[in-house]
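Look for subunit A in each of the two complexes below; its partner is subunit B in the first and subunit C in the second.
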Partner chain A sequence: MTAPSQVDPVFLARRRWARVGWIYGTLLFIGTLFIGTLYVAFITSLKDDPLEQPFRFLFPQLSPRNWAAAWQLGQAGARDPWLGGFAPGAEVPFTVTYFVPEGREAIPPEVRIPRRKPGAGLGAVREGPYAADYAEVSPVEEVARRPGTYRGQAGTFVRYRFTVRYVGDGPRIERLPADLEVPRGQRFVEATLAPNRIERRGRVASWDNLTPGFLGYVFHNYVRVFREARSLSTGESLFWRWTLNSFYIAFFTVIGNLLFGSMAGYALARLRFPGRHALFLFMLFSMMVPFQVIFISNYLVLRDGIFGLTRLFGLETLLNHPWGVIVPGIVGSSSVFIMKQFFESIPKEIEEAALIDGATPFQTFFRVVLPISTPALGALTILTFQGSWNSFFWPLVVLTSPQDVFTLPVGLLAFRQAYGVAGDWGLILAGAFLSMIPIVVLFVVFQRYFVEGVSFSGLKG
Partner chain B sequence: MHRRTEALYALGFLAPYLSVLGVFFLYAFLRTVYFSFTQYDLFHAPEWVGFQNYAALFREDLFLRALRNTLFYSFFVTVVQTFLALVLAAILNTKIRGVTFFRTVYYLPSILSSAAATLIFIWVFQRRGFLNYALGWLEAHAPILLTFLGLFLLFQLVQVAWERRLGLPVHLFDPALATASLVLALALTWFLVALGVLAPREGIEVKTVWLNTRREWLGVPIPLWSIIIMNIYTTIPTFMLIFLAGLQDIPKTIYEAAAIDGATPVQQFFKITVPLLRPVIFLVVTMSLIGTLQLFDQVALIGNAAPLESTITLAYYVYNSVFPSGATPKVGFGAGAALVLALLTLAVVLLQRRFGISERGY
Partner chain C sequence: MKRLLVIALALLGLASAQVQVRISGWGGTDVAIVNGVLENVVRPALEGTGIEVVYEPVEGDFQQFIFNALSAGTAPDLFYVDIFWSRAAFASGKVAALDALGVDAEPFLDNLVQAFTLDGHLYGIPKDFNTLAIEFNKDLFEEAGVPFPNQNDTWETFEAKLKAVVDRLGDVHGICVVPDFARFGAFAFATGWKPFNEDGRTVLDENFRRAFEWYTGLVDRGVGVLAQDLGQGWTGGCFATEEVAAAIEGAWIAGFLRDQAPNLNYGTTFIPKDPVTGQRGNFIFTVSWSLYEGSKNKEAALKVLELLTSPEAQQWVLERGLAIPSRAALANNPYFQRPGKEPQLNRVVFQGASQGNVFPFEFRGLGADWMNIINEALSAVLLGEKSVDQALADAQDRLDRLTGHK
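Then we have the complex of A and B:
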């Protein structure tokens, strides 16, 4: 091989640049694989038919024209451009264009406001007021006509207009579904808002909601997540309840792990007591044992209210109670471990000064050590929050009924069981993405801590 | 400070942790051992049966299935994801601008909850889901893709031969020449498609059933393969970050010296990176084995969308024995299986202690 000094410098530079290019290319490719899956799942959560084949990357919910139309129709229907609806005083103008092939007579479409339930699964159970009982459709009038060709066929484009009014006074209704039917031969071309489905060989164009509002159109599955699943006892949104439960549990788990974890970690790192080494080894052992090994007894302990102790707080049992999830995880061995490692890394002199001044270990710990431990506490907060927010197994064991007590991951399983069979994946995916928001926000803000958390837990093996 | 006072303070500091550890770990562990020797249904008092549960377990089909699935899953996923994470880390370890951005992006999938990630993947694996669509697209465009690949290799070979004749020391996959070949191949393929010489194949639809099937591939149920794919995908980034931390400790000069001696990136990877990272690799392998042995969430979320025996793992077997749907709980079986799981985990840890810790790469 030729020695590098003899090689043309341009050749070497060219090679270096090209290598950088290939590295970026590879990085982009792998990144596309990772994020691409999330992206296709995300746009699918906006679709009407999440299992459509072939898969479309562009569809009505992604078109700005429909966004604007949905906004205006929501305004017309309920003076709510975001979520739309159908409220007293509504006057919804709508135009639709059909193609009539040559030799056929143009017949205006027949407009119907059907009594349609808002979907499969949990939503099918709920009985609400129907727009059909309050809506009045004006006669369909022709506004324009022009000759042209459509898919290679000569004929006429006919444009119609009609108005849907809310008659009299009544409740505000969430949705205004509509079906437009034309005789065979005529074809639907376009409308103020793109329809959700074209059925019966193109004869029926069907809208789930003529007055959706921006969010109600683009994020209709997300709106359904909140609207459809409702508590049987209180009627409030289950998904909202689950989110609150998850936050409640995560909050107290984090507080417990920060406080008790750092206390125990400090004792293990700094104080001398008999059995210290044995306790440390036992702690490592407890970190390795799978959760499934200890859950049977823990379940029974919680069922009996921790040896009856919870009766002091008026609770017979901790099953189906958020504290049943919190208590066994209120101080985890890994939190103690992380804090112990951290305390061992800070210089002893800081505390010794306080101890010589006559402060007790408690005072030293709370006044001197904890205030300088913010980096470790920050990493531990993120790690614990993430663990608690994402945890699935233990909440699944403890929280079984009613659905009001679920956490988000358990609730997602309930969604999957209720909607999966019907193939209503839009709503399931929407729920999954909604449940990710807090973690993703945390990740974006505290990225550094996440990465540190990994290297912390990397120490534990 | 007096010894005894210090010990008392320590007890004060440790009290909350010790009570949780005592009740929810030690007591729980001992009780599981006890339950494994009893017949117990959660409602009536446990009845001592000695080793009967264990004897019955190792004759039960479902348990053996669970054991086999778990072992294969754990082994396969660990090998593949460790290797891929290491390769990815080696790529990301290059000193180029914007590498932090890619690190962030790659890490994203692994912070998501297993529930959310699994639901997304169950959708991907539907019969009319995205995976089948993507496979169908690839199959339909195979003629174009293969032509493109062939042209790329052809251009590359011609160029390399040409440069070598000029006496330049080009490697077979010289990046600069590869870029030229890529552009040329792209242009020519595009031209052929525009001319209509090449066209995607029509009427190709992939309808593989990924979840609700009893079919097997290489003796492993297809649904288990689906879980394997999904978990490799979500765990790679975490391990990649650990490897990256380790890679940054390796002096750059070693690579530079190797490059001067004419080592290719692939040679550098196997001859420098892998040996020097051995302690970290051991750590990652152990973490991965422990984690994968406990596979539960994905199995539970897939639920009855796949036949139970093709996805069941030890962890799920334990849960299913204690909370079977519409049957009497068999806590003794569950406890026995749980202890088998614990033993497996312990074996992994002991192996790592035996081989991993004392190893120092350099």
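Then we have the complex of A and C:
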């Protein structure tokens, strides 16, 4: 029997490994949970039918054979292997194979280039040139025939070929939709490019775009995000506009917070003036008031153009204007707080040296203190940018119309309303993934500052 | 001299300042539709009148937005009112009575005008509307050798046709069933049942029970399938994947099918009749343009309202298959006679408003609270959690509490 003071090393080792197992198991579980949902969301954004049941992890957009076909068809359609299209001079060869059961006559498919608008959302009401007006389909010719069995049924595989040509001159068209119809009984087997859907109990194979190009095929929802949602007044891509708006607002919010946050933080940290503590307490108190409490008063102030001051700049109101979002967020008490905490950690001797050299408080601040504050400024930049980029509630209140003034999160809500009702979640997911990119890049590049930012704002108080 | 001229011109510019009329509705695809109407019909007609239209669509909860704006005094001059919450909006006193301002509702379908009339006053001009219809997959019926559903069908003959399709094809269902009063209600109305009696009480009587038993029994009898069992949330979703032979939806299904199943070969007919009463039932889903009582530019707003609901505007919307017009005269529009599945769908939906027992999708301001009780009863029976007796008794009890009769 082991004495109580002696510990069995095997027992210890087993405990250690059990602990490692628990920790890693938990981390792995959490990782799978979060990354797993992201992964499923991502591949859903590539699918033709995001709601398909049962869920498939392998589908045409992930097949290298289709990638190669999409590349070649894009090249043939508009000499653009990436984004494809249908341009003058195009000659798009296409083959398709059908299975004809024994005892039935093989009848070539009827090829139609329909006048079809893309999507059910914003694209459904936009008028544009149709490929149907310029496309000419060659007669469908049979090129091969071989006997075989398909799903346990004996019969013949028949391969057909046709070419779609762009006749004469005209605009470059983004999509070349096509429908191939065969009589009941024949079955679609394969084609140069996998169809987007098989309809009418196997009779119709339907393509949204015969000449998609690689990106246009694999990332078709991502391409649609830019192409379909266009401003009704200017015709430019709304998604681009929303991205630019978000950047514009984030940029000025960051600049404002850096400037005013550091000045106020410095004043509170170093300058001696009456009411300093009261002011600091008041500032802390303002951090505790939820934004929802004051948003109506903020809204009314912006509606009247900050007591009419904006009229000096020719603006009646700040509603539906980017500065309506920037102004209320131009300085936050948390930025002042972060900067104050940082300035207090700088040795006073540095500033005293500047004072002896005859510098004014402003010179000390701008020439001496700010240049050594880059870690805090970096952290503040990142936190503010992230906050501004993701902010939803206030932009939703201020920016209502036209759609051109939205920020990305509000724009994504507009997408959800326009496309969600039609079950077109692929496009919404694509938009969401695109809007995530800047924050992911920011996080990867400036990971260190994120941690510092959290430690400035949270732990040192 | 030049300077004087500039000043004079500037003053003249100030004097003839434009009158702004703000209009608002929900976002989504409506944004494109309203913009289209504004660009093609309204703005050209307003040229030279000094009236400028500012369109402010709202992404997010429009109902909440408009109620907030009405109480805060920041409401737009003209705005949407959905029939579902119209009573609460009109009763607030913040929506102008249009009849007092001389607006003529005569050219609009009477059913729709009634839907926006409260205590004898007209509070909105219906901008468009929808009713329910039966969409059926022609291929499935042809393949099964079963005649298409038609306007003479009763619940029994309609069900028999669906059953024949299911039995002969084997791999499809007849119809998707959803536990939703917005679909089931049409059948309850066909029996002569009314949502409220004279005392304002909802009585789930024998008529209601007959419709309830027929509707919830569809699944047990092998004709229907629960939409969620096919991974869908509505009957249109099941229909697009060709897993069911028919759907009960309004004209809104057209845009969805155009996108999801562009080649689907479907036809449309009226909701089948109750075999006992020989009547059909239906809902009217509609939205009005209403005027803010506190509007400073009522006259200009009325002019814009007139243009927004003008025959030209409705023709523009109709021809694009975006909405069903609310003007009675458009019944004879050549668009409805065009061949093709969408004009047929729109025609049946248009005519559905004046066939049988048609009620607006509005429940004395009780809205979702009232409907939820019936929806839960439907759901409980469809999922086998309760018997019909139990579900109806529970629902009656809750409805009585809600309507203040207990």
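FYI, the second predicted complex is superposed on the first by the 431 of 461 C-alpha atoms of A that agree within 3 Å, B and C clash if a C-alpha of one lies under 4 Å from a C-alpha of the other, contacts with A are read in each partner's own complex, and residues count from 1 in each chain.
Convention: a contact is a pair of C-beta atoms (placed from the backbone, for glycine too) under 8 Å apart; a residue touches a chain by one contact, two chains touch by 3 or more.
Worth saying up front: this structure is predicted, and the values here are computed from it rather than measured.
Because the two structures share subunit A, they can be overlaid on it, and in that overlay subunit B clashes with subunit C.
With both structures placed on the common chain, the touch criterion links A:Trp389 to subunit B but leaves subunit C unconnected. Contacts of A:Gln53 after superposition on the shared chain: both subunit B and subunit C are touched. By the touch criterion defined above, A:Gly305 lies against neither subunit B nor subunit C after alignment on the C-alpha atoms of chain A. By the document's definition of touching, of the two partners only subunit B reaches A:Phe362; subunit C does not. After overlaying the two complexes on the shared chain, residue contacts for A:Ser206 are found with subunit C alone; subunit B is out of touch.
Counting the residues of subunit A that each partner touches, subunit B and subunit C differ, and the larger count belongs to B. Once the two complexes are overlaid on the shared chain, A:Leu413 sits against subunit B and subunit C alike. When the two complexes are overlaid on their common chain A, residue A:Val293 makes contact with subunit B while staying clear of subunit C.
In the superposition on chain A, A:Pro109 makes contact with neither subunit B nor subunit C.
By the document's definition of touching, of the two partners only subunit C reaches A:Asp179; subunit B does not. Overlay on chain A, subunit C versus subunit B, candidates 57-65, 165-173, 183-191 or 237-245: the clashing stretch is 57-65. Applying the stated touch rule to the two superposed structures, the overlap between the subunit B and subunit C interfaces on subunit A comprises residues 51, 53, 296, 396, 410, 413, 417, 423.
Against subunit A, in their complex, subunit B makes its touches with residues 1, 3, 6-7, 9-14, 16-18, 20-21, 23-25, 27-29, 31-32, 35, 42, 88, 91-92, 94, 96, 99, 102-109, 111-117, 119-120, 122-124, 126, 128-130, 133, 136, 167-169, 174-179, 205, 233, 237-238, 241-242, 245, 260, 262, 283, 286-287, 290, 293-294, 296-297, 300-301, 303, 305, 314-315, 318-319, 322-323, 331, 334-335, 338-339, 341-342, 345-346, 349, 352, 356.
Contact residues on subunit C toward subunit A in their complex (touch as defined above): 24, 26-29, 31-33, 35-36, 39, 54-60, 72, 74, 139-140, 143, 230-232, 237, 242, 255-256, 258-265, 320, 322. Within the complex formed with subunit B, the subunit A residues making contact are 1-2, 4, 7-8, 11, 14-15, 17-24, 26-27, 30-31, 34-35, 37-38, 40-41, 44, 50-55, 256, 259-261, 263-264, 266-268, 271-274, 276, 279, 282-283, 286, 288-301, 306, 327-328, 330-331, 333, 336, 355, 360-362, 365, 386, 389-390, 392-393, 396-397, 408-410, 412-413, 416-417, 420, 423, 425, 428-429, 431-433, 435-436, 439-440, 443, 447, 450-451, 454-455, 458, 461. The touching residues of subunit A, when paired with subunit C in their complex, are 49, 51, 53, 114, 116-117, 119-122, 124-126, 179, 181, 184, 197, 199-201, 203-204, 206, 232, 296, 303, 396, 400-403, 406, 410, 413-414, 417-418, 421-424.
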